[in-house]
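Going in written order, the chains are labelled A, B, C and D, and every chain counts its residues from 1.
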Amino acid sequence: MTRMTPLGPDEPASHPYRLAARRSTAGDSAIDVGGRRIGGGDFALIAGPCAIETRDETIAIARVVRDAGATMLRGGAYKPRTSPYAFQGLGQAGLQILADARSETGLPVVTEVMDVRDVEAVAAVADMIQIGARNMQNYALLTEVGRARVPVLIKRGLSSTIDELLMAAEYVLKEGNAGVVLCERGIRTFETAYRFTLDLAAVAVLKTLTHLPVIVDPSHAAGRRDLVEPLALAAAAVGADGIIVEVHPDPDAAVCDGPQALRCDDFARFAARVQHVAAAAGERFAATAPA
Amino acid sequence: MTRMTPLGPDEPASHPYRLAARRSTAGDSAIDVGGRRIGGGDFALIAGPCAIETRDETIAIARVVRDAGATMLRGGAYKPRTSPYAFQGLGQAGLQILADARSETGLPVVTEVMDVRDVEAVAAVADMIQIGARNMQNYALLTEVGRARVPVLIKRGLSSTIDELLMAAEYVLKEGNAGVVLCERGIRTFETAYRFTLDLAAVAVLKTLTHLPVIVDPSHAAGRRDLVEPLALAAAAVGADGIIVEVHPDPDAAVCDGPQALRCDDFARFAARVQHVAAAAGERFAATAPA
Amino acid sequence: MTRMTPLGPDEPASHPYRLAARRSTAGDSAIDVGGRRIGGGDFALIAGPCAIETRDETIAIARVVRDAGATMLRGGAYKPRTSPYAFQGLGQAGLQILADARSETGLPVVTEVMDVRDVEAVAAVADMIQIGARNMQNYALLTEVGRARVPVLIKRGLSSTIDELLMAAEYVLKEGNAGVVLCERGIRTFETAYRFTLDLAAVAVLKTLTHLPVIVDPSHAAGRRDLVEPLALAAAAVGADGIIVEVHPDPDAAVCDGPQALRCDDFARFAARVQHVAAAAGERFAATAPA
Amino acid sequence: MTRMTPLGPDEPASHPYRLAARRSTAGDSAIDVGGRRIGGGDFALIAGPCAIETRDETIAIARVVRDAGATMLRGGAYKPRTSPYAFQGLGQAGLQILADARSETGLPVVTEVMDVRDVEAVAAVADMIQIGARNMQNYALLTEVGRARVPVLIKRGLSSTIDELLMAAEYVLKEGNAGVVLCERGIRTFETAYRFTLDLAAVAVLKTLTHLPVIVDPSHAAGRRDLVEPLALAAAAVGADGIIVEVHPDPDAAVCDGPQALRCDDFARFAARVQHVAAAAGERFAATAPA
């Protein structure tokens, strides 16, 4: 993980994001997540189901994405849902399934935490804890994951500014957790042809402002499977340090967000195309390489 | 408080907000907050400082707003701040000051909770608990305040849709807490002449969709003192059930949001104008009347 | 019409809107439109059909709105339509119908021009020329109406900033036409419960920045009849100098925008409520008074 | 240029964009612009100054971009400016300079028209006429360029939906001009770190809806030079049919939009990188190849 250089005497106390700012360290930070790296030239391909549904299915998906070159497995055990009547995730049982999938495939796992009271349990299993877009300004939660021993993936709120995203990172960094990865996942605009407007300029801006790795989630932005690939290629080209995508063997049967999930049987082709464009844009695709 | 009518056989299980929906009860709900009412024709004027700073100042402001006809006192003990380096509120000490201000003035108090672990302590003091805009989709927090014994004021997220606001209310109602008040406080748009775009059409839409009271916060929307009064008048005219505004004796010295605070010595004139327009639009101004 | 005071030596040449700026003249400008006034305390109620359809219907609507206290008649002869296959308006024949309706009722008429080549013909009939939201930055058209002898109503573009609206006014003023009225009609945001987000804060901001009258179009903002009245009341309360609304005897049969049109048989009640709130907010309702 | 296939009997008369729709023709349309092609696999690199300033400078820039592989020269003779007091372009003299630059370099030229009365003069010189974002719904102008004999580049309005952009194309196509190219150039959102939010998902959506070529303008979206290259690479990766960028020998001295102009002496490197990523994403870079 990155080492923070001490702030010099010319560093104003009021600096808005003193630890996240590019000037606070030399070069780009690379974050170690369960033995794989994100940032510093290593392009991460994080893939998996939206929600953890069953053990067998999760392990099957994990094998598919690992064989195609994914670097990490994603999957939701605790799911933020707009409606209280919608499926809320398997919770602790889902975490156990993720641990099993890691054992079976060797992939580090990334999963979301929504409640400060769950941070300890999630951190005990996850290789990287995700803060979802809806909780990007849940400061109690940011502070709590700042005290955890695993890296934190912070998704940009759907109408959060770039500055606010960096300040959310600062809440985590301030507690001593230097393993912060940022994620652009679409902002809310007037356009209705897709779900959110993927703001790739934000990735380019963030790379000028911070040393932290920045990845992109084209699945949640698009909300439509057919847009995920072109947006993933664009993310690779714009200079992102990785992407996080949803994959499912039978999207029509998925309990949530099926319409945006890539199909397992198409994933290897998808991953190869992303790898090809990332390489053309100068990223090292760390998919199958040891960190 | 409102009584929920049982859902009939024609009520689809998938109804998006079955308890918040207008059809789920007869007429408008009026919520009792420490002996004052919001909704059902009673217009609430909630006023006070942004953050609780000192005991003397808080009580002085409470007297000013009570004498001018305010129905409740607002004030933040726990403050959500974009920066971890900014003043975060007095916490428990701030709650005690609010309790003292209530004793001195008889005004019920409204204050924000940000952490599920603080809900019990805040509910022990507050007459109404506020869920701030940044936490509107913090489902753990919504569930917890749904189990509290005091009404809940839910502020619309800064890019939350009207549907999402109603679903946030549903999280609270589902736990058995029928005392929900909604608050429009501005949405994020491209315009930079003020802080957020106050969406008064949302108030009118909400009145068609839900039986819950809907109030307006012109102070946070505007971010500028000179816009608070015209927006408060507009809120009164559009059919809101109340407004919540920030007041300070010396805005230039306020620890936060001073530029949007009304001045204490102008508050009585302001309140009278709001009362006049609310009456013209058909609202009963419950300011000084017993509940 | 307003007289512009000469700019003093302290006026920077680079002032962004030197003629529209509040400081460029003393007090509020009142614009004379065919004998009626807008601004300077006179509240205008402009009403009529979206598009001119037939002579009889137009005159019937004109009588209804005049008897209810409207100060001007609106109606589109040239209609901007998103689709080239939609009804484009009656053109010159529509202008003649408007002239007839004025003769029959005494109401000044307001109608839109979309093509620089039509300005002369429209100005020959209209008492006020409307620049629609889609043409707010059509600088050729703004320049041309700036040379016309009748006042100009400029609608804010659906994502134009307040500054850009004032600069559009400046294009007209610069050509020597001092009769400019601004109109807020909703901006584009993420919310889909209505058509556009009516930005009433913009009205309050404009009143601080410019001496020009500012009116509000709740019909196009809402796109729904049930929201027009609460938004019209809010506009009256926020300090607008008038409103412009659509009225139709049989909205279901209207060739365009029927769902947002007020019904003729409800218009007198509507006008009385607006008048009541405008008076409470301190505006003089110039509806039936001679200018 | 593309040939439109007759609409079949299953084509509803109310189809929103019958000529622009993908189903209205077989495959992708390639548009011939002065001997170079856009679309159908040919990636266009259109480059040049924001505004035409002088003959010598324009020709110098044209040589630089041609030698680096640009396929067309852009440059504004008529400039839409927010302020009436800003430089409005050289007009007819600017058109003559563009014609001279074409003679010197062989590059086809693209330039904007803003006034229906100028269409004939502009079409006499331009190889492709540009409709700027502010005029995307100027229907009189769209109709007029639909009658011209040269292709038309339509820039998306800054808050126009994808549907509205296609309907703008339909206005041109309906008049018989099949040479329409669409351009994404950023939409207006709340983010202030750059000028407009480049909506690359819109490019991917457009490619599913229409057979027309779609290019991207990263310069106007970004408003900052440092973002132009990453966004250009992303555009190449997302499947755009080309990009249009601003170039200047001395951006600090440019009369408009200097901060977003690429430097002439860096352009060859830039073009090579774009070419490399476009090739990786499967586009044929038609820069120096004859059509």
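Definition applied: contacts are C-beta pairs under 8 Å (C-beta built on N, C-alpha and C of every residue); 3 or more make two chains touch, one makes a residue touch a chain.
Keep in mind that this is a model prediction, so the values were computed, not measured.
Undergrad: Could you quickly compare A-C and B-C and let me know which has more C-beta contacts?
TA: Between A-C and B-C, the larger count of C-beta pairs in contact belongs to B-C.
Undergrad: Using mean CA coordinates as chain centres, what's the chain B-chain C distance in Å?
TA: 35
Undergrad: Approximately how many whole Å separate the CA-defined centres of chain A and chain C?
TA: Taking the mean C-alpha position of each chain, the two centres sit 49 Å apart.
Undergrad: Name the residues of chain B that each touch 2 or more other chains.
TA: In chain B, 159, 163, 188-190, 192 touch at least two other chains.
Undergrad: For the protein chains shown, what form does their contact graph take: line, ring, star, complete or other?
TA: The chain contacts form a complete graph, every chain touching every other.
Undergrad: So in the complex, which bits of chain B are touching chain C?
TA: 159, 161-163, 187, 189-194, 197-205, 207-208, 221-222, 226-227, 230-231, 233-239, 276-277, 279-281
Undergrad: Quick check: in the complex, which residue numbers of chain A touch chain C?
TA: By the definition above, chain A touches chain C via 159, 188-190, 192.
Undergrad: Name, in rising order, each residue of chain D that touches chain C in their complex.
TA: Contact set of chain D toward chain C: 14, 16, 80-85, 114-117, 134-135, 137-141, 143, 158-159, 163-164, 167, 170-171, 174, 188.
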